[in-house]
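Shared between the two complexes below is chain A, which has chain B as its partner in the first and chain C in the second.
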Partner chain A sequence: MSALGGAKPAGGATGIAPVPAVISLVIFVIIFALMYMVGTPLAMTALIGIVIGGLLIGFGVHFVPVGGAPAAMGQAPGIATGVAMLAAGGGLAGLFGGAWAASQGTLVAVVTGAIGGGLMLAITCFFVNFVYIYGMGIPAASGKVKKDPITGDSQVEYKSQGTEGHGLPFVSFTGGVIGGLLGGAGGTLIYLMLLDVYQASLPGIMKATAVQIQPIAVSLAGMFAIGIFLVIAVLAAYNITGTIEGPHDPKFKRFPRALIACAVASALCGVMAILLVMV
Partner chain B sequence: MSVKIEVIEGGMPHQKILIAGLVLAVIGLYLSYLNVIVGTQMFAFFGGLAAIAALIWGSHTIKILASYGIGTGVPSAGMIAFGSGVIAFLFATKYGLYAPIVAIILAAVIGAILGYLANEVLAMHIPVMIKSLTEMAVVGALTLMGFSAMISGSFTFSALTTGSMKVLGMSLPSYQASYIGGALIATVFMLGAIAIQHGFNACLGPGWKQDRMLMLVAECGFLSMMVAAVMSAALISPAAAILSFLIGLVGWYYTYMKYIELSKRDAAAWLDLKPIPEVEGH
Partner chain C sequence: MDNIVFSIGITALAGALAAVAGAAENVESDIGSQGDPNSQVQLAPQMGYIHRIYNKAIAGEPPAWGLWIALGAGIAWAFMAMQINPILAIVLGAGLATFVQGVYSTTAYLGRTASLSKFGQPVYIDIIKSMTTVTMAHAFVAIFATVTLCHLMNAALGHPFPLPLLGLVWGIALGAAGSATGNPYYGKERQYQTQNFGAGVPISASGNIVRYAEAGERNSLDNGYFTSKLGGAAAGVCFGLIVFLELWRTVLFEKVGAGWGAIIVGVIIILVFTVIDRYIEVWARKNYGPYTKPTEETAS
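Take a look at the complex of A and B:
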């Protein structure tokens, strides 16, 4: 495909190229080996949690219906902004929600984060459709499928000629909410894992009580979680390359290779965040 | 996907901007370290100038990368720059005086691995992807370090996490009244991430001119510097904060007027419309 004579995609447009996948796996193993050698069991658990969180975010981003600039003109389905912005909006809303519940245990906090992210995207999707239908006067119709996979409603009759569809059909709306749930849960999980590590080790390093270092632990964990979240969201966005309608879009099938990239990226960023207080 | 859709015409070569940005940022950071050597806080503003140098370099890198059509919008480039930069920056603060050098090396490693993942695993196949993401991670780390040095007076971990609070006339150490403990870093993160991407996002298109874009980035940088100076009043002496603010204000005014001039130069035509038209009679 490259006009500049670069390497051709080895595994096709949606497949996984074998050599980069193996190299990624090697980097992934090296990071875990490094953690095993210098870190404590708590740190190891935290790193595994961060990778799971990263995978949740990377997978979740693929569900969110991203329309980009064409959607702003009603010429493509989805929410009219970029992937990184939407993921940041939904995921960070979830992360902040989950952080409030951090003291009530991992499960409660992660579920709270998921609900925060899902709610944020549900509200966004609702108002996107509100503006499209009542403001711009266009119905919701998918351009990628003939029938909505969930409701079975026919789409073709409602699609305007010359467009790729418009608005948010039910399946896209559902995809958005699922994406928000996964993103919020993943972001919160990363935050909680880092918070545990910092709360355990910062008092010793800074020679202060656990209560005194609480602001530092919360702020550091939050900042690293936001950093890791954005890195993974943008990598997943690169995988989608622009716009996606939701889980029924053919581009959704690209997610396996995003999972490889997100696992390595979250392990890499996570190990830095943990080693800050380890070596 | 990897067809270059926009060509760079005229202006300074990227290599020159890269070297200038990197050198100026490192010099600026070390000049802000004079604070520790001399025992004052008046040199904090050098951190802000270092951040602006890094931002100008970073925006040109975004221009190079985005000219291949990454499809995810220009803001995403700013987000990944600062997302990877903040991780390298926070880790590097442990190394005291060597923090800027460690941050550059670490950010370059993180950026290169992320670039490899994007280019090969995610099959973007953009020739400048690895180089651009490496540069952007370094820019993110240096910008954050610059603004951190400006707000808290230093870029070491202990200085960023420990502040002081006055209780009944006594000065007590406090972790909450610090740069990281007070989460000022989150504001700086967004100030930088917006400043780095806005220049290209606003100036892109067939009428793109290098000097106009870089002037806009400098303007955004000085605007961020003014906000950072206001925040720095909470942590460093008022005189140092006012000095930073004044330098930011003067720089902003100069770059803003210059940017308007350049915009008029590049415009096909313009009409000097008064903001509020005067209504005759009633």
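Take a look at the complex of A and C:
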């Protein structure tokens, strides 16, 4: 069900359907009510952190320029792989760095994770353009805008005949880096929130010291963080439906409804991950 | 000081292993036709172009490599827990994961090709025999190198994640970097070698992949030979730089400014890559020029 009225951009329906949105809101409230009843204040804080992390990932996926199979033939701009998987590659590389910096405080760890994700995608996006330009002799051109919104470079005449564009114009490169930053930050935040909960709960449950449970806490938090990351990334990829050029793509405007879905999905996954050690 | 020197050495070794892994991953992907370009290999018989190219897109490259490397790392981890020498454990883990890759490859080729029988595409048994083992060999190199670098991160650099989890993280990152870098070179430059150089493949040409070589029909080993010269090397350098720079900034600057040193260095590295990217983008626009005159295009 699409929103009524108004011209539809090339990216398809961007409206939020009211019935699913209300159902999502109800599920969201029920999850938080459940956590309020059975959880501790720490668990509640963790759940809020997980939802924020999920929103960051869901929003970040929309920035990553992914062209899928057409990009592999130079028929469309973007990176020639899947949306969810590329975002996961960048975000998880960020999570790697963030988890390493966990002992230095939440803020430092989250920013470290963000930079790790941004770094991975900056290098990857650069090599995409490197292969297009020096391997295939093809300049970057967007198929969705006449001018690059950041540099002002004209795009239309740089599209080769019979294609929708190719490579990564500067706005797409920037979108990739922003997507990596948000994904890395979101993944790390989810990991840190779960780690706090497990570090507080596991010693009592397993009747062991904090040092003894540390490897289990880290492993559990890491597994759930990766799992939640993939759930959110795939959900956001469904909203994109295949390919997106970056923040200038009309499909980018669809992100609000992805945020609703990502908030509910991350809350649901988060409550399960937390209740594992609460009930 | 010794500790820092040791860590830098491990970082360099991990970067080198990552470069080998990236290159092997990409060549495996091109010989096995694993990534997005396989859409054309699948499409070609439906357009009437029967071919002898391997056809095994098991999944997207990132999840496939996430599986194989997590599997190799998990098995190696279990062997290490049994007090087996780490090198032997990693070799065994990588070997067993490679067999899983081989099983997936065989079933994927048979299943995908059999689904094209209504279009007259035969299942070539000699293709299975000669190509599957080559993809397995490349997969072994990539899995062994990646599991080894994950072990170095965990055992030598002290990353808190256990080996299988590191394997999953870096397996997905390896697949993402390798497919992003290598897919266009295999998909456009090799499969559509007859199309104009320096231009994308027109959508109308979809499915018309190159099927003949200098002598006889082209097969996927020819594709691996071709793509290893640029796509494979670029994927290797890409993944190598990702691993090396991520570890380097952490190892050297983590203690500076209570963690902010590594962050600032990371931002600087991102900016450097942004500037280089912009430079080559402008360089290409100046040197290759537009395909059509701007005035004509805007008038239309």
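One rule holds in what follows: the second predicted complex is superposed on the first by the 267 of 279 C-alpha atoms of A that agree within 3 Å, B and C clash if a C-alpha of one lies under 4 Å from a C-alpha of the other, contacts with A are read in each partner's own complex, and residues count from 1 in each chain.
Throughout what follows, a residue touches a chain if its C-beta (ideal position, glycine included) is under 8 Å from a C-beta of that chain, and two chains touch if they have at least 3 such contacts.
It should be emphasised that the depicted structure is a prediction, and the values quoted were computed from it without experimental measurement.
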Superposed partners chain B and chain C on chain A - clash or fit: clash
Partner chain in contact with A:V145 - chain B first, chain C second, else both or neither: neither
Touching partner for A:S24 - first (chain B), second (chain C), both, neither: first
First, second, both or neither for A:A88, with chain B first and chain C second: both
Partner chain in contact with A:G68 - chain B first, chain C second, else both or neither: both
First (chain B), second (chain C), both or neither touched by A:N239: first
First, second, both or neither for A:L34, with chain B first and chain C second: neither
Chain touching more of chain A, residue-wise (chain B, chain C): C
First (chain B), second (chain C), both or neither touched by A:M44: neither
First (chain B), second (chain C), both or neither touched by A:G222: both
First (chain B), second (chain C), both or neither touched by A:A200: neither
Those residues of chain A which chain B touches in one complex and chain C touches in the other: 68, 81-82, 85, 88, 215, 219, 222-223, 226
Residues of chain C defined as touching chain A within the complex: 35-37, 39-40, 60-63, 159-162, 165-166, 168-170, 172-173, 175-177, 179-189, 191-192, 196-206, 230-231, 234-235, 237-238, 241-242, 245-246, 249-250, 254, 258-260, 262-263, 266-267, 269-270, 273-274, 276-278, 280-281, 283-285, 288, 290-294, 297-298
Contact set on chain A toward chain C in their complex: 68-75, 79-82, 85-86, 88-90, 92-93, 95-97, 99-102, 104-105, 108-109, 111-112, 115-116, 118-120, 122-140, 151, 153-154, 156-170, 173-174, 177, 215, 218-219, 222-223, 226
Residues of chain A that touch chain B when the two form their complex: 1-4, 6-9, 11, 13, 16-17, 19-21, 23-24, 27, 68, 81-85, 88, 206, 208, 212-213, 215-216, 219-220, 222-224, 226-231, 233-235, 237-243, 257-258, 260-261, 264-265, 268-269, 272-273, 275-276
Touching residues on chain B, where the partner in the complex is chain A: 1-4, 70-73, 75-77, 79-80, 82-88, 90-91, 94, 106, 110, 113-114, 116-118, 120-125, 127, 161-162, 175-176, 178, 180-183, 185-186, 189
